[in-house]
Amino acid sequence: MSALITISLLAILVLYLGLFKAKQALLPVTLIGLLAALGLAVSQWDTFAEPIYSGMMLFDKYAVAFSAITIISTLLIFLLSKDYFERISENVAEYYAVILFALAGIIVMVSFHNLTMLFIGIEIMSVSLYILAGIKKKDFASNEAALKYFLMGAFSTGFLLFGVALLYGATGSFDLEAIRSYIIQNPQQVSPIFYAGILLMIIGLSFKVGAAPFHFWAPDVYEGSPALVTAFMSTVVKTAGFAAFLRLFMVCFSPVQSFWIPIFVTFAALSLLVGNVTAVYQQHFKRMLAYSSISHVGYMLFAMISLNSESDSSVFVYAAAYSVASIIAFAVLIVLQRQVGNDSFDSFNGISKKNPFLAFTLTIAMLSLAGIPLTAGFIGKLMMFSRALAGYHIYLTVFAVLNALVGIFYYFRVIIAMYFRPAERNELVVSPLFKFVLAVSAIATVILGIYPDLITRLI
Amino acid sequence: MESVIQSIQGVPLNHYILFSAIIFTIGVIGVLIRRNAIVIFMSVELMLNAVNLLLTAFSAYRGDASGQVFVFFIMALAAAEVAVGLAIIVMIYRNTNSTDINVLNRLKW
Amino acid sequence: MEIILLLIFLPVVGAAIVGLLGKLELAKTVAFIWSLFSLGLTAYLLSEFDPGAGTQFTVDYPWFLSMGSRFNVGIDGISMILVLLTNGLIPLIILASFNHEYKNPGAFYGLILFMQTGLLLVFTALDAFLFYVGWEAALIPIYFICAIWGGPNRIKVNIKFFIYTVAGSLIMLVGMIYMAQQTADKTYDLQSFYQASLSAGAQSWVFLAFFLAFAIKMPVFPFHTWQPDTYTEAPTTGTMLLSGIMLKMGIYGAIRWLIPVAPLGFAHWGPTVLVLSIIGIVYASIIAFTQKDVKRLVAYSSIGHVGLIAAGIFVWNLNGLQGAMIQMISHGVNVVGMFFILDIIIRRLDTRDTDKMGGIAKSAPTFAIGFLIVLLGTVALPLTNGFIGEFLLLMGVYNYNIYAAAIAGLTIIFGAVYMLRMYQRVMLGDANEATLAFRDINANEKVVLFIICGLVILIGIYPNPILNISEPAAKSLIDLVNGKIGNVSSF
Amino acid sequence: MNLFYLVAFLSIFFSLLVIFSKNPVHSVLYLIVTFFTFTIHYILLNAQFLAIVNFIVYMGAIMVLFLFVLMLLNLNKDTEPMKSNLIKIAGVVAGLCLLVTLVGSLRAVDTSAPIVLKNPGIGLVKNLGKVLFNEFLLPFEVSSILLFSAMVGAVLLAKKDPK
Amino acid sequence: MFTHLVWLIPLLPLIGFLINGLGRNVLPKSAVGFIGSVMVLLSFIVSIGIFTELNDSAVKSVVYPLFDWIQVGDLKISFSFQVDPLSSLMLLIVTGIGFLIHVYSIGYMHHDSGFAKFFAYLNLFVFFMLLLVLGSNYVVMFIGWEGVGLCSYLLIGFWYSNPSYASAAKKAFVMNRIGDLGFLIGIFLIFSMFKSLEFSTVFSQAANLAPNNNIIVLITILLFIGATGKSAQIPLFTWLPDAMAGPTPVSALIHAATMVTAGIYMIARSNILFTLAPFTLNIISIIGIATALLAATIAITQTDIKKVLAYSTVSQLGYMFLGLGVGAYTGAFFHVITHAFFKALLFLGAGSVIHAVSNEQDMRSMGGLRSKLKITYATMLIGTIAISGIPPFAGFFSKDEILAHAYEHNKLLWVLGVVGAMFTAFYMFRMLFLTFSGKFRGTKEQEEHLHESPGSMTFPLIVLAILSIVGGFIGVPEVLHGNHWLARFLEPVFYASSTKVHETAVLDHNTEYVLMAVSVIGAVMAAIIAYVRYSKNGHVPVPDTADRGALANLSYNKYYIDELYDFVIAKPLNLLSGFFYRIVDKTLIDGIVNGFGKVASEASKGLRLLQTGNIGFYIFMMIAGIVALLAYGFLNI
């Protein structure tokens, strides 16, 4: 809770800093604040947490772990933001604040214990993201991304709310515990309204995480938004979305899983297919990452199809692995966009010669995303496959394997371009902060890949 | 007031649900068939109001106030969304002189 | 410090050191010396090794407990052979590459040493997950070696190789996860795998899942099409690593992780696999007849030879298995020698086309002798290493079925045909301008060739020490499987 | 009881007008009417406070904002390029499909008890306030972040950059 | 005492090989020749010692183990040597004739730049041949078996710059390999049947078996296949004539005296197995006589002096197999010995001729050499008489023994054998007269160059000529009042077989005399015809371009068997190779593999079109998804 308060206050403080033109202080203050929030969040580590504020929030290990990973990711992204917003607009402080607001919403999302909080958390995050997607005001792509995201997001919110309403209608409460006990007490005559509510919730949440067939917004919005925002969306936001998704279904709906598991199987398969296959043909790194993020949603959905005590840590590991790797990818993307002005695969040609460090870290990221052993991404995939097989979804797993192969193909395009293709290019300059982010993320990826028990047994 | 209360007594809950669903669907259709971003947005508002009504009906049915409280939050959200959404639309209009969503399809494939 | 940890992780430390040397030419020397350390360590291990004592030097640390995996390694006779092969061949391969000026040698040799650790993990792992990690850890470096330093068509060929291989291993991974969930204690432990009781149907599937990975790696017909292209396009050092050591991963996997893990699956699919292996022998040999690209020719010949090894394994008797063990070493030595020789030729003539060669024996008599000895090893002439393996393998196949042995035995004839044809086209006949100017081998090449030829003959004359290392382990594996299959006579 | 059906009919009628009228300004006006019918519904449901809030916030503030923007952007003509009829029909069909499946999956349409107001007082400010500031205090506070964020964002986006 | 030195016998040539091989660039030619010859000579001396010891000793078979070679489970193959009458005799032949040929080569190869290499190869050959002979089990024998094949390959391709020579070498190796596969599988069968590969164990077990055991029949057929490869029998004989590409001493040593008789040696060694398989013996005799006749008819029209001798060798080998097939193991081996003498002699003589006429091998360009090459002529005459089976020269006794047994077995075989013998006499004398009588038909330079060979070459000729004359007396049959020492000496080896054979009525002496007379007369008549045609009338074969007549053409072109093999085996295999590579591998299998990739990228091209960029469309798709989802719920609640 104190993390949430810290972040909210931090956002306001940042706004004030902006007001007083203390631009130089923005980044340090934000970083320090986030570190403080991180410390406060972690200090709440408690195995026997109880819901607080009339059952609105529950800061259990799950919530703390996901808060921590989202805060850390945000930290890393902020480290990349130096000079980034300055180029877009004068109102840097506001952007910082909006990101922090979004993060506050995310903290709410991962620790909700009441549908009200879920709803408010999601909306804080979404509204902030609508804004962030459109911060390049003169840029058509950014405009388009903002509008698309906004209209479709608002539309999907309608479904989410309808679902909430139906759940309320069936159970008479917004409290997760109450909803769960409703199912357990009426195992035979669960109201059809309740099932319809679940379906509508699935629609709403699937949209937020970008699972097929509700993924259509994702590639366009990811492409159109500024790279840093896309990084935030595809890492922190996705992680939070999944955390909320999983929490809701684990706590509330697990007794009726036979009803919704086939849906997730279908969604997982569709997401894998659409994400991976479409990514193959992409010519631009950013859009490729957008599609690939859809495919990762597919993998993460595996955790939903056989729920047990390991599902949460599976998603956690996967999300963590995916986040760090994506941050590297986006960091490189930002460097490229700034210095080459282009993010097509051709612009990666021969990076290994001019900047081996950049190439090396990006290679680790790509290997991790592709799920190659000794990287965190592999551990994530392994745990997801494990989940699927624990539910005897063998065909789905084999299908996922085939898709993973397709994934390797397009991730390796980057590696191929960097290492095996020659190119006349200028030296790429990587600022120390970027270097720091790249190094930390790469090291984290490898360490988690080599000794996964560091985080797999957290939750 | 009593007569009013009397009059509501007896309307089956499912008629409220049906009614909300219809309004909701009309909102969805509106989103589907219109090109003007503002009108689309208004259709979304229609959907939200359908939900509001449903929540209130449930709330009344169960004699539980929390449903109505939730409506407040939805209204707060609606307000926030309207502010942001209209700002976005205005921003786009400045760039394209249009609020037609079909104009905005550069990002594709 | 457990010695086995040193054995496994020494190369990776070397990889880091060599990698840091970057563009310095010193890197190759350091890498060579480092690989000699490993070799020395292996020699020490060998002196301490007791073939009859089962798995030795075991180390068991908690590692990835949440998935039920431990860092559990150890060496038994079968592993010992492969550790010996790996650590013996890598110094040789590094030495063989000395005549190349690879750009960025630090990275090049660092990758080789990194790969060594992966290979050693594969050959010593007693935990499926660890095995898988090693399996892939060996693949990544070789992919980079081939794709960075390879021929003009390297990108396309290598991505295919990589994806193809990973396809197999991912399916294997699925099989492993499935197996782990079926074990009593939900772990990836090898012994738990052995003790898991699955239905015959489930074992069939597990068998197929594992087999696919191994079949692609070996490669077994019809999963072989990546191989000639990759061998052709890879830098020779990469080809040596691939053919000399890497493909033994598949064979080793079949011995340790396939047949004992899914014995009933093996009982069901074994004959089919055997047929595939034998088809592979004949098929690849026939293709080799008319190949004009020398590297491609040897690539196809390797498919044929490996087909025989696979056949020897899938008949699952002592002769076949022991034949496979010794043939793995022999094939490693021979194929590395063969590619080394081809590399000498290709480097000097700048072509791989046999039509542009001929008469080299005249300009380079010493080289011709070395070539001939390696060639004789390859065609399994008695008193060379190839004979021991092929004799035992064919005998193993014969014990299973005489017709299978007769067809598999065609390799003896076909091997002679294409190898001698190549030798004739390359070394004999009229010389042309290019081959007249052919320099005979230099000191470094002489040393490498001498070592290889020495091994070819030494193993051929006195193979028993090697056979003795693996025999008890092979026996106990066979007993294990036969005990599980039950009615052995049907198989 | 019949009043409900009458008002419901009006709601549906006007909401249809909202989506089918060509002029956006008309749409807004119809929407305001629709919202007014909703206010009546709230009253019928004994949710007096909601009715008032709906009247003030939605009709008063939000819809005016819409209208304001429409006027600002000079969109008060019926020249909006409509989608082709095909798409319209497809949209309507899709919407009806949605309705059918939605209602179908609710399956509650003909098997539920009529609403009986157990606790007629819940809709009063006094009671709602108690719930809001006890149980729902946290969401209430947190929603301030939502509004704050939206506020900042709206300013940020709508403001003309000096550059 | 000498028996314990048996390991020296192969070791010495091996040492010679190593010294000559490693020092080939350093050692002077004289040293090379000396070392090469002396090593074989020393082996010969040891062999003589062993032979005499064995002759005196009561123990007729000694196994001398060296070390365990391959050991897997119950398969134990030791590297060990066996000394018994059969191997001791063979040792004498190999080392003895080997020594003579080494000496001969000093002169013959003197001008060749690969002198040291040549001697190294020769020594290596002797080493492997001795392994073959000495091996106490089938696998050690197989080592030698393949090893000699290798040396044959190396020596045929000695002048490898000539592509056709290199091809001939390859052909020899491959054809041998075909046989070797049969041999190898035979070995496997033997092991699975007897659980051992040691001769002593196998044969003692086999002696207790009943005849016509199916597995034994199969084993013997497979072993025989091995023998056909090594000993150039139908259908694997075509390599031997081509093998004449090698230097002549090689032809003498390997392709006449020693290696090609390995098949006979092997069958003689395994005689008990073959005796148990009459079916196989019939096949052997049929193949033997067929080969003998086929080769003889080809030899008649050949014009290359070495080709004639080569086909003659094939033909004589056919006789030996005939002997084996009719159960005349002793006779067959007897013929091995005598054939070694006179065929080595003939080849060396031919070498001397070729040496004299500046490497010309076509007899059409020779003639009238009698006066210039006196020693060569005399020795070759002796050899020719010997091979023609004219008493009392060596060939007579051995051939007669085989024919007598053939008669006993089947009259037709005898008839064919005699016909073959007549052919033999004819083409051998034809060769002799074409070469030595008449006038010289070569070029002027060649004529001026004509000279008798040096002493190192004529010495072996003389020794061999003597052996060709007297060699037959080791096996004078009882009917000619001899005591057939050879048969008695070899008795321990063939004892088990002889007890198995139901000796039918032994031929009475009169029949035998008649048989002998018929064959001798036939041979003499053939010789006379040859004399009349080629010496008296001075007939010279027509040049290649001229018309020959169908039969002669068929014979001259070796019945087109090479072309047939090429057409039936080589061409289809090459076509198959191309088909497999281009169609099956590249198009089909690789096509499927690449197809996966293509499907993915094509699917990608298609799928991405769904992402139209149009919000309306997106929402429409979402609604479609929602409807589907709700429909699912509707059906499943």
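To keep things simple, chains are lettered A, B, C, D and E as they appear, and every chain counts its residues starting from 1.
Everything below uses one rule, namely that contacts are C-beta pairs under 8 Å (C-beta built on N, C-alpha and C of every residue); 3 or more make two chains touch, one makes a residue touch a chain.
What you see is a predicted model; the values in this text were computed from it and never measured.
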Message: According to the touch definition, list the chains common to the neighbour sets of subunit B and subunit D.
response: A, E
- request: Give the chains in contact with both subunit A and subunit E, ordered by label.
  value: B, C, D
- prompt: Comparing C-E against A-D, which pair counts more contacting C-beta pairs?
  reply: C-E
- prompt: What's the chain with its C-alpha centre farthest out from subunit B?
  reply: E
- prompt: Among the chains, which is located farthest from subunit A on the basis of C-alpha centroids?
  reply: E
Query: For subunit B and subunit E, what's the span in angstrom between their mean Cα positions?
result: 99
Message: So the centre of each chain is just the mean of its C-alpha atoms; given that, what is the distance between subunit A and subunit C in Å?
response: 42
Message: Report the inter-centroid distance (CA atoms only) between subunit D and subunit E in whole Å.
response: 103
Query: How many angstrom lie between the CA centroids of subunit C and subunit D, rounded to a whole number?
result: 71
Task: Two or more other chains in contact with one residue: find those residues in subunit E.
output: 597, 608, 611, 613, 615-616, 619-620, 623-624, 626, 630, 633, 637
- prompt: So which stretches of subunit D touch two or more other chains?
  reply: 83, 87, 90-91, 94-95, 98, 102, 105-108, 135-136, 139, 143, 146, 149-150, 153, 155-157
Query: Which parts of subunit A, given as residue numbers and ranges, touch two or more other chains?
result: 116, 120, 123, 127, 130-131, 134, 137-138, 146-148, 151, 155, 166, 192-193, 195-196, 199, 219-220, 409
Field: Chain-to-chain touches, reported pairwise for every pair that qualifies
entry: A-B, A-C, A-D, A-E, B-D, B-E, C-E, D-E
- request: Flag every residue of subunit E that touches subunit A in the complex, lowest number first.
  value: 597, 600-601, 603-605, 607-608, 610-611, 613, 615, 617-619, 621-622, 624-626, 629-630, 632-633, 636-637
Subunit B residues within the subunit D interface of the complex: 4-5, 7-19, 21-30, 32-36, 38-39, 41-43, 45-46, 49, 52-53, 56-57, 59-66, 68-69, 71-73, 75-84, 86-91, 93-94, 99-100, 102
- request: Under the touch definition given earlier, write down the residues of subunit C that touch subunit A in their complex.
  value: 62-67, 129, 132-133, 135-137, 140, 144, 147-148, 154-155, 159, 162-163, 166-167, 170-171, 173-174, 177-178, 180-181
Message: Considering only the defined contacts, which subunit D positions touch subunit A in the complex?
response: 102, 105-108, 134-139, 142-143, 145-146, 148-150, 152-153, 155-157, 159, 161-162
Message: Using the touch definition from the top, list the residues of subunit B that touch subunit E in their complex.
response: 28, 31-32, 35, 101-102, 104-109
